Every structure is written in C-alpha cells, then in structure tokens.
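Note that the chains are named A, B, C, D, E and F in the order they appear, and that numbering of residues resets to 1 at the start of each chain.
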Amino acid sequence: MAREASFFRPLGGSELPRFAGRSTFMRLPMIEDPAEVDIALVGFPWDSGSTNRVGQRHGPREIRSNSTMMRLVHQASRIAPYDLCRVADLGDVPVNPINIDDTLERATAFYRDLHQAGAMPLTAGGDHLGTLPILRGIYTGQPMAMVQFDSHSDTNDSYFGDNPYTHGTPFRRAIEEGILDPRRIVQIGIRGSLYSAQDLDWAHEKGIRIIEIEEYFDLGPDRVVEEIRRVVGDAPTYVTFDVDALDPVYAPGTGTPEVGGFTTPEAQRMIRGLRGLNLVGADVMEVAPPFDTADITALTGANLMFELLCVLADAIAKRR
Amino acid sequence: MAREASFFRPLGGSELPRFAGRSTFMRLPMIEDPAEVDIALVGFPWDSGSTNRVGQRHGPREIRSNSTMMRLVHQASRIAPYDLCRVADLGDVPVNPINIDDTLERATAFYRDLHQAGAMPLTAGGDHLGTLPILRGIYTGQPMAMVQFDSHSDTNDSYFGDNPYTHGTPFRRAIEEGILDPRRIVQIGIRGSLYSAQDLDWAHEKGIRIIEIEEYFDLGPDRVVEEIRRVVGDAPTYVTFDVDALDPVYAPGTGTPEVGGFTTPEAQRMIRGLRGLNLVGADVMEVAPPFDTADITALTGANLMFELLCVLADAIAKRR
Amino acid sequence: MAREASFFRPLGGSELPRFAGRSTFMRLPMIEDPAEVDIALVGFPWDSGSTNRVGQRHGPREIRSNSTMMRLVHQASRIAPYDLCRVADLGDVPVNPINIDDTLERATAFYRDLHQAGAMPLTAGGDHLGTLPILRGIYTGQPMAMVQFDSHSDTNDSYFGDNPYTHGTPFRRAIEEGILDPRRIVQIGIRGSLYSAQDLDWAHEKGIRIIEIEEYFDLGPDRVVEEIRRVVGDAPTYVTFDVDALDPVYAPGTGTPEVGGFTTPEAQRMIRGLRGLNLVGADVMEVAPPFDTADITALTGANLMFELLCVLADAIAKRR
Amino acid sequence: MAREASFFRPLGGSELPRFAGRSTFMRLPMIEDPAEVDIALVGFPWDSGSTNRVGQRHGPREIRSNSTMMRLVHQASRIAPYDLCRVADLGDVPVNPINIDDTLERATAFYRDLHQAGAMPLTAGGDHLGTLPILRGIYTGQPMAMVQFDSHSDTNDSYFGDNPYTHGTPFRRAIEEGILDPRRIVQIGIRGSLYSAQDLDWAHEKGIRIIEIEEYFDLGPDRVVEEIRRVVGDAPTYVTFDVDALDPVYAPGTGTPEVGGFTTPEAQRMIRGLRGLNLVGADVMEVAPPFDTADITALTGANLMFELLCVLADAIAKRR
Amino acid sequence: MAREASFFRPLGGSELPRFAGRSTFMRLPMIEDPAEVDIALVGFPWDSGSTNRVGQRHGPREIRSNSTMMRLVHQASRIAPYDLCRVADLGDVPVNPINIDDTLERATAFYRDLHQAGAMPLTAGGDHLGTLPILRGIYTGQPMAMVQFDSHSDTNDSYFGDNPYTHGTPFRRAIEEGILDPRRIVQIGIRGSLYSAQDLDWAHEKGIRIIEIEEYFDLGPDRVVEEIRRVVGDAPTYVTFDVDALDPVYAPGTGTPEVGGFTTPEAQRMIRGLRGLNLVGADVMEVAPPFDTADITALTGANLMFELLCVLADAIAKRR
Amino acid sequence: MAREASFFRPLGGSELPRFAGRSTFMRLPMIEDPAEVDIALVGFPWDSGSTNRVGQRHGPREIRSNSTMMRLVHQASRIAPYDLCRVADLGDVPVNPINIDDTLERATAFYRDLHQAGAMPLTAGGDHLGTLPILRGIYTGQPMAMVQFDSHSDTNDSYFGDNPYTHGTPFRRAIEEGILDPRRIVQIGIRGSLYSAQDLDWAHEKGIRIIEIEEYFDLGPDRVVEEIRRVVGDAPTYVTFDVDALDPVYAPGTGTPEVGGFTTPEAQRMIRGLRGLNLVGADVMEVAPPFDTADITALTGANLMFELLCVLADAIAKRR
C-alpha cells in the first residue's frame, strides 16, 4: 500500500538519538484532533479505582519514555503500521484523581469523541477500571467480544459494600450494560489465590470462556490462540492486556502481582495470533512504575503496545 | 513517677533482635480497646485524597517496620514515655481506598471512639487529608490551635471544580467548621513555586501565622519555637508534621517534594521545643514508601513519631 | 468438612485493604500457645550461618509483609487451608545473631515445643542452617524423608577448618544424627560451579537421590514429581525449599544465587505434586531482602508458603 | 507588566494532573521557531565528553519529567516568569553521541540560531563540555563574564595526550578563544582531591576568582553573592550550574560526585542573589539519571532551572 | 591431565570468604605478561561507540566483582579449566573514552600483543564495537567463523551520516576487512522492531546465517546448536555473546534491551554445545551496570564467562 | 621532602580511566609484605558481631571500588600523602564469618604482624567489633587515646546474656584490657533513643568525654576539635570513624542508622583538625552496601579514608 502524505512518522534515531527529543508514544507527533488519525495512542493516567497498590497513574509517562526505543517495522510479521494508517499520540485522558464518577464521565466522553471522529483507541494505563469508559465510549449498540489477558477476571460485583466501580469490577459492569457479550469473552491467564471457591461462578454462569493458567500451560500459546479465535469469531473485538497476566518477573511494576504467569515471548506470540480478527481497539493496563525495577514493565508495556498497534493497523488496512 | 502494672512495654532487643518479631509501632502490643491506653499509635493508610504522586497508603506499614529500631528513652530529654503513660498500637484506620466520603466518615468515627475512650491519637499517615477526620474526631467544641510543619499551606478551596476534599484542602475545611482557630495556627516551612501570587491570601486573611522557609532560615529553629509558643499559647494544640516540610534529601518518599527545606536535626529540635504545650494529639503524614530510597523517609517518620510521643506523654503526665 | 469455631481466619480484604492492618503471615492472628494450632507459621530471622552474602535475617518480616496479598483458597487445587485446620502466626524463633550454638539450642527447643503441642511447623527463613534445629525439634526417633528444592546439596562437612555448623552443612549433620534417612532424600535443582569434581560424592555414597538441573530439564516437572514420590514413599516427609533453587530472576534476593534454575510456575507445579505425601513440616529458606528487587523474592516466598500450607493442611485433614 | 497574548502558559494542574500530559520543560508548549520566544528551554542530551561516569545524555528527559511539578510563580521573589516574557521548550540539541567534533558544530549552530532569533538559552544537560558550544553560539564578540557553580574548575588543558575537548576543558577553550573574560569568571564550590598541587595554577594565573569550598563555608552564601556581583559587575554574564557543586546527597546522580559541597537551599539563595545582573543565558549541567536515586537530582535540576528562569526573565523584563 | 606448577588458581573460599579479597576475574591473579597465560581474561571498559544507553564502561568491574562467586569445576561438564591451562586476569584494555579511533588502535595493539604472546582472549565488555579490535588483534590472515548470540545483527553501515564505527557496525567492518567469513557466521536471537524491512538484507546477501528469535523458538536450543556446528564447521571460530540476546529479565542491565529473548539456562545449554569447535577466543559484551537490578546482569555475565572459559580451555587442551 | 623510589603511586586517570583497571584502595598496588609500607590500607569484611542489620562484610569491596575516584593531593591542606610515605593496599583481614572468636584471633594476629613490620593500619570495615582486634594488634603496652566519631558509645557490657563480643561492646573490652585509657577517649555525635537513662553511666564513670549530638550542635565543629585535642593531648591516638556518626542521609548504608547527625563537610573539617596529633592508626567502619543508595555511603567512606590518610601520613612524615 502506498504511503499517504498525511501519515505520521516517528522521529527517527538517525535524526535525533532515541534518548533525546520528544517523549511521546513511539516518538510520534502529539495531535489534538482525532479526525486526523486512524489509531489514537492514548494515555490513561489513573489508579483511583485500585483497592491494592497504586502508582498506575504514572504508567503512561513511563511507557511513553520507553516507547522511544521502538522502531518502525515489526520484526516477525514485517507489518509497518505507520505505512498502513495514520497513527499519533492523542495525549492523556483528562482524569480527576479524586473522583471516580467524574473521571468515568470525562473518560467516556473523551473516547466517544475519538470514536465519533473515526479514531480507534490504543490505550496505555492506568488501572483496569479505565477499560470500562473506553468500552462505553466506543460502544455502537452491538455487544462486543473481548480478549482479556489477565490474572484476574475483574468481574466482581462491588467493594466495601456498595461501591460499584473499582479495578476489580469493570467487566461485570460492561456485561450488565450490554456492551460486552459474555459468550464472546475469553480470559487468559487467570490465577492467584481466591476469596472463595465461588469467585468465578458469576463469570462462568454468564458464559465467559476462562482459560486458567493451568489450562494455559497445558494448551500452550498456539492452541490458546485457536481457542481465542473460536470464541470471538468475527464479532467486533476489543483486546485488553493487564500486565499482571505476565509472570511478575516480566512485569513487577503492577498493582496486584500474581506469581506463576506466562512470559513476554508467549504474550507476543498470542498477540500476533490475533491478526485478522475484527479488532476495534485495545489497551495495555496496570503498569505501575513506582513498583517497577529497571523499567522492565514500562519497556514491556511499550512493546506490547507496538504488538497491538501492528494487528490493529493491519485490521484497519484490510477493511479498506 | 511509678510505673503502673498496666503500662505497655516495647519488646526489648535483648529478648528478640530488632529485625525479628512483631512489626508494630515501637514493638508495642497491638491493642483493640482504646480505653486501655493513654496514647494510641494509629496508622492511616490512605492516599486517595492525593492529586499528585500516591503511595502514602503504604506509609504506616513501613513506618511500623522502621520503628522497631526505636528504644525506650529519649536521648536528649531523657523522657521515658512508656513509664509515663499507657501507649500501644491501635492498628489502622478502616479506610475505603475508593471512596473519600466513606473514609472520612469511618475515620472520624474511629478517632471519635478513641477520643471518647480517653486515648490521645498519634497517627502515622497517609495523605494530609487524613488530618481532617482526626481533628473532627477529637474536636470538643473548643477551637483548637495547630502547629503545622509543612511545605504547603493545605488551605486551598477545591480541586477540579467542586471537589472539596483533597490533600490540599483539609485545614480550610477545619477552619470553616470551627474546629481550628486560624489565629492559633502556625505553619512552618511553607515554600515551593506558587499557582499565583494570591495562593496564601485566604490563609493570611484568616490570621494564620505563616513562617515561609526564608523566614525560617532567617530566624533559626530556636526563635521559630518561640514564635510557635507565642501563637498557640495555652490553647489545646494539635501538631501535624507533613514530611514534605523536610528537605527532600531527608524525606524523598513523599507525595509532593519541594526542594529547599529544613533538616531532620532541626525538626527534632523544634519538636522538642513543643514540650509544655497543651497538646491534644499529633501526626506524621505523607510518607510514601514507593518513592523512598534506603528507607530514609520511613525511618525519619518513625523517629519523628517517637519525638512527638515524648512530648505528648510528658503533657499527659503533667496534667495528672 | 465443617469449619470449626476455633479455626483462625485471615483478615479479609473487604474488612481492611491488604496494604493496611496487621502484617502477620497471611494476615492470620498472632498466637502464642502452639496448642491452639495445627499448623504453626513461624519466622526464622537468621543468617549467621552464612559464609556468603547475608540479610536472610530480614526474610521473615518481608515475607510476612508480602503474604498479606494472599487470599483464602488455592486457585488450582481449590484447597481451603483455613477451613481444614487451625493455622496461625506463631511469631519468630528466638535467635541469637552472634551465637550459632546458642541459637541452635534455642531453636531446637522452640520447635520441640511446637511439635509436642501438636503443631506442625511451616517456617520462613532465614539461612539454610535453620532447617537443622527444625528437624531436630520435630524428630520423633524415626528417620525422616526429605524433599529438598535447592541449587546446593548442603551436605558439606565443615568450613574454615573445624566449624561444623554453616548454611552448607545442615543435612550432613542431620544424616549423621540419624534424623534424616539419606535414601529417602531427593534433591532437585542442584547446580552451580563446583569446588571439585568430588563435591557430591558423600551425598551419592549415602544414597541421596540428586536430580541435577540438567536431569531436571530433561525430565520436566511432572516426571520429577513422580521420582520424588518414588523416593520418599510413605515415610514421614519434610519439605525444604531453598529459594536459590529458582533461577535468580525469580529469586534474586538470596544469599548464593546460581543462574540457570527452574521457574516459579514449575516450582508451584512440583509442590502441588506433593499432595498426598505423609508430610510433617516444611520451610521456605534463604530469602534475603537486602538483595531483592521489587520484592519479587519475598512475594515468591509468600506464595511458596501458601502452596506448602495447602498440601500440609490437606495432609492433616486426611489423617483425621 | 501586562501579559501579552503571545505568552506561553504551562499546562495547569487544574486542567490535567501533573503526572499526566505532556512532559515538556515546565509543561510549556514545544515550539520549533526560536523567534517566538524570549527564553528557550533546551535539553542537551550529551555525555560523550565524559572521562568518568556517563549517563548525562538522559538528563534532559528526566529533568523535563520532574519539571512538571513546577508551578507558575516564584515563592520567595514572587517573580512570575511566564507573565514577563515568552518562554517555551525548544527541544533538544541535535547531538551525535559518537562524534564530539560533529556535535560541537551542530550545537554551536543550534545555539547561534537561537541567539540570532533573539532567544536567550536556558539549558539542561548534559556533560559540561556542552557549555562550550552554548558560549560559542551566543558569543557576540564581547568577552563574557561567567558565574560557575561547580566542584571542578574545568580548565584542564587536554586529556589522554592531545584530546582538547572533554568535560574537564570547556572553560580553558572558551578563555583561549576570547569568549570568556577570565577576570570576570567566578567559580564557587571548587573542591575534591587534586591531581597535583598545581591543578589550579593556570586558572589563577588567568585571573579567575576561585572560591574553594573552604572559603565558601567561611563566607556563607550571602557574602559569596556579594563577591560574585563584584567580580562580574555589569558585564554580560552567563551562569553555569554543574550539579556536582552540590553535596552528593543533594545531587547523587552526576558524573563525578565530590563529597563536602553546599546544599540546595544555599544554591537557591545564591541564584536568587544574581537578580539584577546583566544575564545572557544559563544552564544546569551534569545531571546523570542512571546514578540518581529517588529522582532527587532530576527534581533538583528542574528546580534550579526554575530559579534561573526567574532571574533571566526578570533581566529581560528590566531591559525593556 | 596433570596440573602444571605454573597454573594459576583462584583464591579459594576456604582461604578467604568470597565477599573478601581481590576482586579479579574468578579471583585469579592479576598478571601483566601475556606470555604467562594460555587464556587471558580481559576487561573492555568501553561504551563510547553506543548510540543508545551507555554505562557498559562499568561492566568489567561489576563482572569481576560478581565473578568471585564462581568456583573451580563446571557442574554439568565437569571441565576443570584451571587444571587444563594457564588462566589469569590480564587487566583492562587501555581505552580512551573520548576518542573512538584512538581506542580502536590501542585495543587492536593490546589484543595483538596477547595473540602474539600465545594467549587466547576471553573478554568482558563493554559495547559491541569492542569486538572489532579484538578480531583485528587475533586475525592471522585466515578469515574466521563467528558464533554471535545477539538480538541485533550489528551489520549496519554507518551512523549519523559517515561515522563508520559504532556498536551497530562492527561485523560489517570485520567482513569488509576480510577478517570474518560471512558464510561462516551464525547469529542467534535476532529480533526487535526494525528500521525498515530491508534491515537484514546486506547480511543475508553476504551469506550470514541468521536465526531470528522465532526460528530459535521453533527449533529449540539443541537443534540450534546443530545448526551452529554445521555453519562454522572446523574453521577457527570466535564466539561473541551480546547479553541483549537474553530476554531483558535475564539481562536488564544492557544498552539496547529487546523483549522476547531466550533464557540464561538456554544460553548455557547452547554454549556447552560449542565444545569441540575450533575456538580462538570469546567475549561477553554490553553489560551496563547502571541499568542493572540486583546485579542480575553482572552475575549472568560472570557465569557466561565461566561457561565460555570451560569450552575454550577444553579446546586448548585438546589441541595439545 | 624528596620522594623516595620505593613510594607507591596510585594508577593515574590519565593512564587508565578511573572506571577501569584495578579496584584496590585508591588504585594503589596490592602488596603482601607489610614491611614495604608505612601505612597499610586494609579491608575488614566483617559483620558477624552485629545484632542489628548486616552487610558490612561487603563494605571493603565497595569502598575500594569508590576509592578509585580519589586523586593524589588533598584539596584543602595540599597534603600529598603518597609523596610523604609508602602507602599500599594490604588486602583483607582473613575473617571467619561464622566464628567470632576465631576471627578475633586471626585479626589480632594480622594487625600485630602489620604493627611489628612497622606499618600503621588504616582500615575500612566492617562492623565496629573489628576495631577491638585492631587495637589489640597495635597495642604496645601503653594505653592509647581514642577519637571516636559515632552515634553509639559501643561500651555495652554484653548481649543476650553472656556474649561479650558484639559491635556494641568493643571499647568496654579494650578499656578493661588496659588498651585504651578512658580518660583519653572522646566520643563525638552520640545520640539515638536509649535502652535506659543509665546507658552511658559506665562510660561516664570511667571518664570518657562524651559529646552528645546536642552539645556538638551547640559547640560546632571547630570548638569540638579543640575539645578533642584537649582530651587526647599528645598520647598515642587511634581514630575510629563509625559512619553512623553521620546523619543517615550522608550514610544510609550502615547497620544502625540514627537520624539527626552531623554532615560530611563537618566530618571532613573535624578530621582535618586532627592534624598534628600523635596518631597511630585509624579506621572507617560500619559501611553496609546492601542498605546504601547511589553508593553515597561507600563514596563517603572512601573520602573519609583519604582524609584520615592525609593526617596519618603527615604524622608519620613529621616523626622523621
């Protein structure tokens, strides 16, 4: 495909070394008008929905900083996302760190604006509650499928009595609101000690396909990809990657680490396997830099964003 | 004064090394009934009122851990607090990290219970909003004086429009509610770049005595103590120590560090100068371990608690 | 099985957030009388037997802190240990950091008291010499089997001439004393450069089944479990897990790291494979927080304790 | 002075929290055309002139990140720089990390362009060799005065034989080229063990006023300011602040730390004392984030930039 | 083979604990005359060829420090290198950190001296440009084979226009100079986003056998070893190990980390598979301690050196 | 004084950069025969006498590493120690980390050998118990004076019952043995909470001059120096510097930090004030790298060694 004049290019390492210059996502320009882009890279600096460790509000800045290491073409698939569509950094969601309800409203409006302008969001967060307003914002009336890499199902009902909005409840809300079709949701990597043996009952009853980590290890990433594709089919599909799906040595900087996860190379393999799905958006969430070491989690977050960017760009190009 | 049978003793280093055993404040017993104590050491694991960096929710645990280094008798004053009154660890305030209003209610009730049981609180926090429910809980109807070590006045009006409760607003609320007498408030160490030249106008109009850091350096700690004593007089006086009052090299692990503060030895000297005031409670706030290095801030927090404990215990003993 | 009134419950995350409140093992009560428990969680804050890096004395405190993240039910096996038996935190072994002989006596007496009160010990250490007084304390006259996850055999004879007690000698002593039956010992993960080609000769001569890491990689965890079960049979079996068995990226905070080990998910799989053995106690040793990063080793230690707790609780329940 | 329409405003914390959004110097816009600004904030990501520890190439990015904490008005002087002149982030000097000569040329051209467009540079570096091309770029033919806060004189002749350009030689070169008038140079804080007793002979012979740290401690900051003002007089004066002038606890993240320096509050006091001089530019150099801890040095660097910005803006305003 | 009197022995842990005493490679003596050794352990403290993150100049010191943990005999192969040949620490290459050309000359002369004295070099670096003067120094006129573990091909042409010598170009230079036979080069682990889809064209055209990471994962380490042996055959073979070949969790302390690599146990397995090749030297490069955490990379570097030492010593012994 | 041919020279930074080459004290040669030196720089890698945090065994290695930053001539006094006498690195005391008695014997013999060969020891440690065998080794029958910079008196009687040798008891033992004359001991910086109000009674009774930190702050360093000189007079004087005398921000990496100490510049000023005393040896103790941050403590330790070296060398030169 020919490269259009309006496409944005990352600042090249041969123009200015990668440790220098603008610290935007992938060294792309910072753009304000979503109508100028096909894929909007967005930061969601937010952790006020967290009942455990916090610091995910610093995630976007550190992911941006580490994303300056990323180059232009995907090594395995040779996808060149910046040749396929218009990609830029659209800045951060305007959060209110002391007000969950206000933030949900602001964020939903932000993503609705993106969506209505024709931009597909690829978000770096941020605690997992953030995915709820993203889904609300891009919702068109048709329930969506979702691929969720995560160690937690995040389908709890409430917290501390009657608080409906936390990082543990977003997908229950989205299902209740009809935004997600639970029979088209697949969760990969679920693990960690349970509150009770009934923790996952609601999710199972709704029809969510849960691949607990033991099943993951038994199947291996390639057969997990097959199962993902079977579950979501050709429905419009959102991909959410909570970095605590990874083993903590690959993502120590997160809010609720659970030992015993899969590796980054395996995650890469699975994301590449999503190529060809009917993708409508994606995110990488729960990067918490204050708990990171040697920037491993932020660097991994930047790489996962690039992996997701490539399959999103490919999906957009193929729709043309 | 004779030591009463009911006094609590820290676990001694000759019984069990200080790196071992219970990790309570000062290695004291964990007690549930506030009626058993004269001074209640309390953790306030809270940071949801913060609009800047967070992680103060982890402050109490790390201060407890570092407080196991503290011994029994104050080196300079020779005050022996555990011989003067009953001191124990009363655990943590039951916070709700995703709900500010709920937490303010829970915390106010918690401190009111302490107060009504006759226990004076000495709190380790936690973001500075936490001081508001403490003050509400111990309020008896008579406006209190306050000694505030801080780099920020924390008398802002609101945030992001109409949010009245953040770590930047507690003392405006307490003054509005009549809990604090602004003409009996002295703030020491105020500094840092301003939003506008009018930032401190409200505080000045209300009559708060603000000792900005330049005046502090000109006066020195001894004359600052004199000024503190002049302002608060014999009113019932609460002491709040935000560790960002210290220069960041002495307290890097905090939410909003401001370079150019005073030192820990100077802080110790000033707290010792509070002996003899009509003290009714105290706190050490804004310790944020995820941003700390080498545990310096948590260790400093534990030491400042011990400094405050000694002057509180002395005040209680003298009232008898 | 019905839950008995005397069973202890971890403090729930819905009562108080996990970053708050008591920092005991698994948020369980701290109990003094071992007769009240079936399984005693114990800290062994000790490193004075180490000839290499030290800091394991800080292991129990950090493992306790990280264990507050653990919930109630095992995700893979659905074992609910706190429903099966009485489990509590029995505090720390009363070590004397400057006297090995004194500590061995104190520790042996401590574990003998536990044992005689009917409590099975699950210990968090602490250098590996600590396992010797544990074994002495629970020894009933019948030689025990042992499953040892470790990169080192720890069957050296002496150090610096005639010093018989170091972290490299505990199992030679225990075999010499008849406490362990060497033909029922299996060591998994042995590796690291050798002092001489004869390093393991004594162990081999005694009949210890050594699975060096190369054999481990060839067999894989499932067949290693089979071999473990074959070796220990139905003998009373102690399980000791030196975290240096893990690859250092999974446990950097340890005294003598050896690159090239197995992963935490593999360790979990093997521990789960011990279910049904005639277990009499267990430990997780050599966690050295000063050399840790991002709390990975302490978090892993807490998780391994929970894994071991589940198989111990299951063993106790099945004996009833 | 009335605020002009073309003045740039930092993004306010009430619009977007300080941990969010653009990570430019002071949250100012990133501007390409120097003609649009009066003061150009510039990063000089460079360390290839260092013969000791490196990592200063990462200085600008981390200073930018920490500068997002800065607000609008100076607390002590009430200078409001963004009301006085047009200030923006002009990006980074286009360095070539593997070629010193090429970088000197590129940088000199970059600063000459700024200068010719009427923008005064305020630079964040970067090893101290960087100050040479800055001086070359703003040189008008009249030798300049210089205030140098530093632990090293940086007037060595060469290195490893005949290499004339290192972080230890910039001011010898600038003096030789007639850019600096040595009798108008004052160096404050010089210390550290010497190569020989003759280390400073050349500087003394040229007439540089060296205030070694012992003299500094004897005089105190206020009298040092007097001496600075006496030396530079009303000559056009450049200010260079090497953060190793500070005691290493205030600036651990630097290339060549020397214990025994002055404090950040003292540095602030001295910079404020430069108000009213005929200032033509300034820099904060030698921030090396890989050796920093808790971001102390980067935060200090951002604050020193703001201090310098205020006196530069005041100088510009007064010239009008 | 009998041990000769002139063989050097590492200082034993039973003579002096491993945390004490000389911090040379493997605790071997520091020797000046290369004629006294068969294998020269050399540090190459260099990073001035790096266009990305730096700090590799500190690699040799930290690798030396961590190498004091290494004992005498290889655990898997039972190779005892110090019994097979004379091995000692020959110190560091005399680099000039501000002059690439000067350093290339000095280093080439240094390695030529080693070579002519009959010593085979085993180097710890240092950025990858360092391998070029090593190869020049040991070049005998016959093009060599090379086994390169790396995430980058390092066969770029130039940088920033016409700079031919960077850490990204050494092997293009060596091939152009006829030192390496490209058809005998095998690169293992190549990955990371690309500048363009043509990045590897030159290398492929020259006949280099590139095993990208996807092929590596498909083949597994044992079949990769077969392929390595097929490519290099019996040619004189140099082995270069860039630690960024490892997944960043196994080597975070490096200049240009690329997620998704292989593990240290896999690297060990592959190096052991090089036994029997016609080896002429080796190196472990790109260890950058300022970006390391918990010394993982430096410890891994020391272990990889020991692995390489064993196969080199075996090769030398077999030639006798 | 003319420089003798046998004098040792540190490796110069112009020969090999400071980050390269031998990591001995001050880059001096490692010498085995004490008869070749006038001042022996010695490491005492020891912490087994510590009842609190450990890791001081790693102190010598890190101090050596940081000492490579030191140059040749003292900046303030212009003392050139390597021109005044023969100074070299004599390696480490042969400690036995698991046996205190054995180590005391080995260390005493080591220092006695040094002493009898005419070498004056300057030691880097290591926990403070280490100073006891140093004193025993250099004792000539005449009780010595001692200048002790410390936050603790270290004159406790015993620990855990009847253990006489810990880091808290060395000077009580030395006084009991007649090695130190208590009326010629001056302790500067004593502080920290007390076990009881009687903690210092024994020391006071023996006549030790204790300058608690409050008196220190009142007197200031210059008058403290006067008092030191008055107390020790012209007696043979040993200087021991426990880095916990410094405020923890200047020395976080130590076993028992106590907030509220003096600064490194003040320490430098006091050590310089010891010039002209009848000095017989010195040490810098309690550097514990695992608790350090940004190498501040190790760098400070290296600088304090150089300060002490200069006054020792001056004393030796003046005796000639």
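The criterion applied here is as follows: a contact is a pair of C-beta atoms (placed from the backbone, for glycine too) under 8 Å apart; a residue touches a chain by one contact, two chains touch by 3 or more.
By chain, UniProt protein names: A, B, C, D, E, F = Agmatinase.
Every value quoted in this text rests on a predicted model; they were computed, and no experiment measured them.
Summarising the inter-chain layout, the chain whose CA centre lies farthest from the centre of chain C is D.
Remark: among chain pairs D-E and D-F, D-F carries the greater number of C-beta contacts. The interface in C-F, D-F or A-B that matches A-E, meaning over half of the contact pairs are the same by residue number, belongs to D-F.
Centroid to centroid, with C-alpha atoms defining each point, chain B and chain E lie 56 Å apart. Per-chain Cα centroids separate chain B from chain D by 38 Å.
Residue positions of chain A with contacts to 2 or more other chains are 17, 19, 51, 53, 57-58, 97, 159-160, 249, 291, 293-294. A complete list of chain pairs in contact reads A-B, A-C, A-D, A-E, B-C, B-D, B-F, C-E, C-F, D-E, D-F, E-F.
On the chain F side of its complex with chain C, the touching residues are 47-51, 53-55, 57-58, 96-100, 102, 159-160, 163, 165-166, 290-291. Remark: chain B residues 15-17, 19-23, 30, 43, 45, 57-58, 60-61, 64-65, 91-95, 97 touch chain C in the complex. Contact residues on chain C toward chain A in their complex (touch as defined above): 12-14, 17-19, 69-76, 78, 80, 249-250, 263-265, 268-269, 293-296, 299-300, 303, 306.
Of all the residues in chain E, the ones that touch chain A in their complex are 51-53, 159-160, 190-197, 199, 212-214, 217, 247-249, 252-253, 256-257, 259-261, 291-294.
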